[in-house]
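Several structures are given next for inspection.
After this come two complexes, each holding chain A, first together with chain B and then together with chain C.
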Partner chain A sequence: MSFILTISLSIAAYSIAVLGTFMLTGMNGLFSLGQAAFMGLGAYVSAIMVVNYNLPFALAVLIAILVAMGLAVLVGFATLRIRQDFFALATFGFGQAVTGLMTEMVNVTGGAMGFSNIPRLTTPTLAFTSLAVAIFFVWGFRKSHFGKDSLAIRSNELAAKVEGIDVFKHKLTVFVLSAAFAAYAGVLMAFHTRYVEPAMYGWIASVTWIIIVFFGGRDSLTGTVLGSIILLAAPEALRFTTAWRTLIYCVLILVIINLRPRGLFGTWELSLRPILNLFKPKKHQEVQ
Partner chain B sequence: MDKAVIVDMNHLTKMFGGLCAVNDFSGHVKENQIIGIIGPNGAGKTTILNMVSGICPPTSGEIIFKGKNLCGMEPHKVNQMGIARTFQNIRLFEDMTVLDTVMTAYSWRAPYNPIETLFSSPRVARFDREIKEKSMHWINRVGLTEQAHAVAKSLPYGMQRRVEIARALASEPLVLLLDEPGAGLNQTEVQGLVDLIQDLFSDLHLSIMLIDHRMEVIMQLCEWIYVQDFGKKIGQGTPEQVQKDPLVIKAYLGEDISNA
Partner chain C sequence: MQVMVLLQQVINGLSLGAVYALIAVGYALVFNVLKFSNFAHGGVLGISAYAGYIVANQLHWPLIPVILVGILTGAVVAVLVELIAFRWIRLQKGQLVYFFVTSVTMLMALEQVLIIRFGASFESFPYTLLKVKVIHLGELTVSITYLLSLVLTIIAFSVLLYILKKTKIGIAIRAASNDLVATSLMGINVDQIIVATFIVSGLLGGLSGVLYGISASLSPQIGQIVIKGFIASVLGGLGSLKGVAIAAVALGVFEVFLVATIGSGLTPVVIFLLMVIFLLVRPQGFAGVSFTDKA
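Up next is the complex of A and B:
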């Protein structure tokens, strides 16, 4: 597999996790520092199922996602009623606990040495289709009343409550969905790099995704996807700068956040409407 | 011409630590009736509305609505049972148009589960169309047709208040709680608002609980008035009775009014 393709596959997989963070942090303002733990969970569960138990890939994927969602329900129940800054702390603790377990349970996970010999089952078709489907999912979710509810809760939780929105249930739904996205991204990565280790799933990954969302624009799905591609590709594209790489990466982010506080794309969305309108007969259309 | 009681508040008390915000308040709203609660600042008026809407559960007492005690019920449940409210300090949503704001009041009625939204099922689009139409109806009703696609927070204060009323109406409530709807409005705006409330009241067969400390708002609208002072009820009656009540005059205008 060519270098470019390998990198593109990773970007596609990670972008799916970033989409989960977009729903949680971008749309709902919930900062989870344990998002990457769900990715790790998806990676480990699916890898162990396939390698140790010879389960079919599709079934392993399903189990991995369901395990992550189940855990998200439990974590969500415990943390989503508390204030949002405490939610960040609690999920941080959860994430570190999960990576801690992965390191300690040596006979199941291989410990800090990592878990290897995973077959390469993530094909380019699978990865890119998955990303497209994930974008479609988030688009649909955001277009439904959940999108408006998210914004309502984010900007005035009390007002949202008194108009009948079950805020806790809403947050739990979003948290569980975002965990499913992260877990699926983990599966794709595990069967792409063929090796997983606990260190990949610490809080730094979770924070990176949050940065990507704010970089691209927390109120723009287009921005999140493009921001995700730009920032995930940047470390590779900046390789020629050798030792300066990290510095340039950080400066890039700081410049964007300062010049465009609402993210690179603000609230702008890519839309097919202007293109579709070209084909419509030019008569005076009724404004909806 | 006797109307049935729709919200019955019995011996409501709210303590904030050692401070007694509301002390043993009893009262009721009847079907298709506007009642008012008046009193100076700190009299506990808003606290009573907060207790009824589930925002702060009473320390003791009970609120009976549709045969159920609302005490301890979460705000969204109270709303779903048929009680909607507005806020004194307007609470609108950032960056949202008037239409979107009003539409969120219908969210909890969505007939589909979250998974269906991922697949953009036709039911999602159909529901969206339905509630858009219903929400437009309420927006027209409060006179904001022109502003439907404007960002709610960018509108003048008086219009923002109407957005809140439209949002509350979109809950299709039996009981509407209005917390100082006249606050921050000028004289003309207040009169417009009084007319709007009067219209809504007679068209929609609502029961309304109204707080205001502008006498003219309360006196024009209310059929029955409760007077609060320092958390205690000091009087009640029709507007005429209340206006003559010496205790009320004392609370409002201070002592020795008769000598003035």
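Up next is the complex of A and C:
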């Protein structure tokens, strides 16, 4: 597989996780420091199912996503009723607990040495189709009544409650959805790089996704997708040592957030309308 | 004998908790005034720890100047962070979430600076920094670095308490914590107060960085320990420095106990469960100050 294709596959997989964060943090204003742990769960569960139990890939994916969603229900149920910073704290603790368990259960997970020998089942077709479906899903989510409720909760929770939105149920649903996105991204990554280790799923990874969402613009789906492509590709494109390119990347983000707080793309969306308008019959001006 | 082992663990836990308390209070000071989670505090702490390391290792300075260098570096870096990452957004009246995003970016950036300068490996302060290594109290063996952390934390908190209660600037910081807009209406220069808050927070951060570096080891990822400050301040009840300090010490003691009994792998699992139970039982935190506004 060529270098460019390998990188594009990783970017596609991570972009799906970022889209989950876009729904959760960008649209609902909930900060989860444990999103990467859901990605890790997806990766580990599916890899173990396929390698150790010889389950078919599709079934393993389904189980992995369901496990992540189930745990998200538990964590969300316990903490989403109380304040937002509690949610951030609880998801952080959850992430630490998950990576701690991955390191501890050496017999099953291989511990800190990681889990390898995963077959390469993520084909380019699968990865890019998944990304397209995910983008389409989030696009529909934003257009839907449900997505509009999200924005209402983000801008004023009390007002949303008064309007009759069940805020707790809404947040829980979005959190579980975003966990499913992260878990699926984890599956794609695990069967692409063929190796997983607990250190890949710490809280800094979750924070990076939040940064990406804000970089592209949390009010723009186009911004989030392009932002994640730009920022995930940037470390590869800037051919310095890793430390230098991460530093440059951080400075870039600081500049963007300082100069354009609403993100690189603001509220701008890519749309077909200008192109469609070209084909519309022009309205003739009334001649007096 | 069993009692002695227990007592030994309590002392170890208290000294770790003391360093956590320094981190947490430095973090909470900024939170109280600007109401956002300042993760860049971890970067401040990391740079100060390495500044102390440079003067100790290359210039062979003795202990007290090393600590002073760390503290001063903390103040300078904290002010720079405020200028680079927060000042402009604040003047534009940006939302709180943007502060959070720039603060974590700042944490990552400062970490990279350390990696570029020192490499990703672990370092430790020179062995000669402390003349005496341990003190024997009967059957107890107390490491001098632990004792140092405890004593310096107590001194730092006494000074902080004095500043916040008695001096003009401290009262202004407390007023700003209460209501930033009302404070500015009273004719207080809010920009100065914010810089002062960052200086005080940076001083504490610098001290905690050097102390953590001396008693544990140094790596560029040292800044990520700021998360302990975050945990302690949420558990302690945001808005109350006393509650935050208590929560931090409790966290330190718990961690030491759990690592000693069930090992470091399962510790985060138990801490997570305890945290969730605590938040469900007592959502207002240790201190009981309830706080609803938060990004």
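Just so we're on the same page, the second predicted complex is superposed on the first by the 278 of 288 C-alpha atoms of A that agree within 3 Å, B and C clash if a C-alpha of one lies under 4 Å from a C-alpha of the other, contacts with A are read in each partner's own complex, and residues count from 1 in each chain.
Quick note on the criterion: a contact is a pair of C-beta atoms (placed from the backbone, for glycine too) under 8 Å apart; a residue touches a chain by one contact, two chains touch by 3 or more.
Fair warning: this is a prediction, and the values are worked out from it, not measured in the lab.
> Specify the outcome, clash or fit, for chain B and chain C once both structures are aligned onto chain A.
Verdict on chain A: chain B and chain C fit.
> In the combined three-chain superposition, what is the angle centred on chain A between chain B and chain C, taking C-alpha centres, to the nearest 10 degrees?
In the superposed model, the angle at chain A is 80 degrees.
> Touching A:32, do we find chain B (first), chain C (second), both, or neither?
neither
> Please tell me which partner, chain B or chain C, touches more residues of chain A.
C
> Pick one for A:145: touches chain B only (first), chain C only (second), both, or neither.
The answer is first: A:145 touches chain B but not chain C.
> Just checking: does A:99 make contact with chain B only, chain C only, both, or neither of them? Give me first, second, both or neither.
Second partner only, chain C.
> Considering only the touch criterion stated at the top, classify A:173 as touching first (chain B), second (chain C), both, or neither.
After superposition on chain A, A:173 lies in contact with chain B alone.
> Which partner does A:10 reach: the first (chain B), the second (chain C), both, or neither?
In the superposition, A:10 contacts neither chain B nor chain C.
> Please provide the least distance in Å between a C-alpha atom of chain B and a C-alpha atom of chain C in the combined superposition.
Value for chain B versus chain C, nearest C-alpha atoms: 12 Å.
> Going by the contact rule set out above, which residues of chain C touch chain A in the complex?
These residues of chain C touch chain A: 37, 39, 84-85, 88-89, 92, 94-95, 97-98, 100-102, 104-106, 108-109, 112-113, 115-116, 224, 227, 230-231, 234-235, 238, 263, 265-269, 271-273, 275-276, 279-280, 283, 291-292, 294-295.
> Residue numbers of chain A touching chain C in their complex, please.
Going through chain A, the ones touching chain C are 29, 31, 75, 78-79, 82-86, 88-90, 92-94, 96-97, 99-101, 103-104, 203-204, 207, 210-211, 214, 241, 243-244, 246-247, 250-251, 253-254, 257-258, 261.
> Residues of chain A touching chain B in their complex?
Residues 136-137, 139-141, 143-146, 148-149, 151-152, 154-156, 158-167, 173, 177, 219, 267.
> Show which residues of chain B lie in contact with chain A when the two form their complex.
53-55, 74-76, 78-80, 84-85, 87, 91-96, 100-101, 103-110, 114, 117-120, 124, 127-128, 131, 167-168, 170-171
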